[in-house]
């Protein structure tokens, strides 16, 4: 009856295991607001997750040092960070821990869209609000009630990339004839590329090729070769981080000549980490982003400066989304404390507070590209806008929207 | 005495959820630990008794997840049916790969490598096969509590399914070990040529062991998919293969008690390290886990099985067997 | 269309040969250790992964260019080889294959987790090299970084071949591959021989890691992929000669390139490892093998 021994061992092992771990107690009165952050801190997407974490720590420090949430008696925000390990199950496990052990009131995350979807299975039944920093359109379109998403969705990024390219061609008296779409084969890649495709179709332009590559690609040469065969006048590419570096390097080393290369979707090609890793190959690469680090508002300038002083790099996509998401959360908490003093942190009340917001001034508006945040019933921002940055002289500069641009886009690529 | 131990075992397994305070997160972790331990116990059939260092666990686990998930998502088929179908599918794949391999005399490092290759091949096949899986996660419809469909919001449901699976796997393996098949398998491991000369149908027994093991590994995959609520080709995970084989080796090849005990303890240690150290230095827990494995394999090449057996011998004889 | 396809095919074949040239170096280390010391190193791929990460580290900290990293990687990995031999392999030489696999799987777990802890599983794309440019011959593009990697690989293999055929130590190594007992009776210190073999095996890994890092990204799972790939090459080549490894590598390089270029980059592993299993079934002793 070996079974008995095995099982007893199991029981002893497990009970020791849980005894050693602190089971945190939920706090009844509002002395702190528990904010969970699920980000890919290790693994394929660690570059983004770590930037988001930096931003969250910075902004939460600032909110707390300025007196916390006034309507809740100066309650402070407390951050609980969990690593999704860049996997869908990791994000789910992280959400499981934040909801059941840390008992957070709201979760920001999980940057990768498909990872965010696996969290919702955990958060919805417990009515924990998720403020997504992931972009895929249907995050907010699957009937989940406790989710909002401030950054522009993936299809907006795709459309922005097309609008920019069309504009650049027009300025030079040209028309797009032979676009090629290249993207990784994950959820975000597909949806963003669909956004590119749809906007092109609406303009009556047919892409000559749509090339998918695996998320874990290590050698871009075959992809570049296929692009060359298609002989495009513009390449729309949707990469994450490591693949964007491979792509830029392969374009340079294989001497691919294309007048314009535009990345869509906020990650890769023109942010400081990609530029650092790609060296000279990054020059003249363009990408769309959900945040404009060069937004000329007072608060944004100040925040970007503080971020650079502390971490030594320019905040882009991941940090920017966290900036305005946290400040929006702060405003919602103020409203919730005023309107629902009995239970300001319940998922329902917090959602009502978020939905009632119409932000046109203050730190959230000053860090948002369009300067305006108001949520539609599905949880998306009605005034979502994306921008485009180009690498010029080793630094990203704003080139789109054209009316706000710091510099003219370099076109065609030399 | 025998009935008492069985009863004690059942009560103890049933008590675990209450020991962790019904906390969903800890329930999730203990369920995972029992799931992976189940694969380790089943692996004994091919590895411990058959002497083939199989690294295909990730392939069969993944197949279970994908087939069960596919049936649940696309046809609304109950997960219970899915588990059986996916188990049969995995056993079928095991046959297709195992039959030529054993027939053509593939063994040792070549067998280990080909089984590992299978994990990656299947992963990429299902990545390209978008009708069934593809690069996008597929989500199993949510249900608060639907035991017929095998889907529930609470992990306690999955915990008891897994506990029952582990107990039955253990019983199956211990029964096979005492049967004629088990004796033949051990004789193959000890000396394949000699066994063959004595007239043992080496291929048949190896193939049987492989198919039973792959069936059980697929069932664990199906339970996993239903518990996390989605499936994706990354569930064909070579790490599960490697983890399974190392835990079984550390537990002692061919020992009955060692592998499950070692597996439960080490996986618990790993989770504990992950929670406590993982936040300090990401991945540190993995290194410590790796060092523990290498040290045990280097200094106790037979694993901890003999040690655990001698400890068990201190119990009254009736508890032991 | 026909001409286009011809160009694409030629281009793909060129890429394949270049890939194969680099794979040969990576596989040679494995074949040497397996052949000479009869040692199954299941962690071979993990050493390649580690060499790639080290090449990345050296190129971003010291050299600014991955092309120079062999200067550090070769001696470093020779030393790692010596340490691995003294610490682990020495005990395994006479162990049965199953124990060798088990122990080196343990090494695999350790190295992979070490990489996870140090680099947090982040993929590292190749740093910028001055050779990241290309020239063209007619419609065919020849990337300089890959050409250089292949050239270095070929020269190294040529030198290794000379070493195995012309020097006393090399001859002893080859003899040991045939019959360890005989070599030991001839008065060769097999312990020292195996120590050097492990050192050379990993020095080759160090060099190949540097070369691969000029054009390819590395992740902690790269170890698994290169491990299987190099074992597949050894399976095809058998344990015969440098020439056998070279031919087998180019076959796999071509399969790799044709699968990615003409079919789907996501399907290359199906082709490579499917080919591997077929080889094991059809030619258990390899094309040029003696064993």
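Should a chain be cited, it is by its letter among A, B and C, assigned in written order, with residues numbered from 1 in that chain.
In this section, a residue touches a chain if its C-beta (ideal position, glycine included) is under 8 Å from a C-beta of that chain, and two chains touch if they have at least 3 such contacts.
Model, not experiment: these values are computed from the prediction.
Visitor: Which chains are in contact with both subunit B and subunit C?
Guide: A
Visitor: Where are there more C-beta contacts: A-C or A-B?
Guide: More C-beta contacts join the chains of A-B.
Visitor: Report the inter-chain centroid distance for subunit B and subunit C in whole angstrom, where each centroid is the mean of the CA atoms.
Guide: The computed centroid separation for subunit B versus subunit C comes out at 32 Å.
Visitor: Could you work out how far the Cα centre of subunit A sits from that of subunit C, in whole Å?
Guide: 38
Visitor: CA centre of subunit A versus CA centre of subunit B: separation in Å?
Guide: 37
Visitor: At which residue positions does subunit A touch at least two other chains?
Guide: 41-42, 185, 214
Visitor: Which positions in subunit B touch two or more other chains at once?
Guide: 127, 282-283
Visitor: Which subunit C residues sit where two or more other chains touch them?
Guide: Subunit C, residues with two or more chain partners: 116, 120-121, 221, 266.
Visitor: Taking the complex as given, what residues does subunit C use to touch subunit A?
Guide: Touch list, subunit C to subunit A: 4, 8, 11-12, 15, 116, 120-128, 131-134, 136, 141, 143-146, 215-219, 221-222, 257, 260-261, 265-266.
Visitor: Please output the residues of subunit A touching subunit C within their complex, sorted ascending.
Guide: Residue list for subunit A touching subunit C: 41-44, 46-47, 85-86, 185, 212-214, 216-219, 221-223, 225-226, 228-229, 241-243, 245-246, 249, 252-255, 277-281.
Visitor: Sort out for me which residues of subunit B touch subunit A in the complex.
Guide: Per the touch definition, subunit B meets subunit A at residues 1-2, 4-6, 8-10, 12-13, 15-16, 19-21, 23-26, 28, 30, 33-34, 127, 135-137, 139, 142, 144, 153, 167, 170-171, 174, 228-230, 232, 234, 256-257, 260-261, 264-265, 268, 271-272, 275-276, 278-279, 282-283, 312, 315, 318-321.
Visitor: Where on subunit B is subunit C touching in the complex?
Guide: By the definition above, subunit B touches subunit C via 51, 53, 97, 100-101, 104-106, 108-110, 112-114, 116-118, 120-121, 123-125, 127-128, 238, 242, 245-246, 249, 253, 281-284, 286-287, 289-291, 293-294, 297-298, 301.
Visitor: Can you list the residues on subunit A that touch subunit B in the complex?
Guide: 1-11, 13-15, 17-18, 20-21, 23, 41-42, 81, 83, 87-89, 92-93, 96-97, 99-101, 114, 117-118, 121, 124-125, 185-187, 190, 214-215
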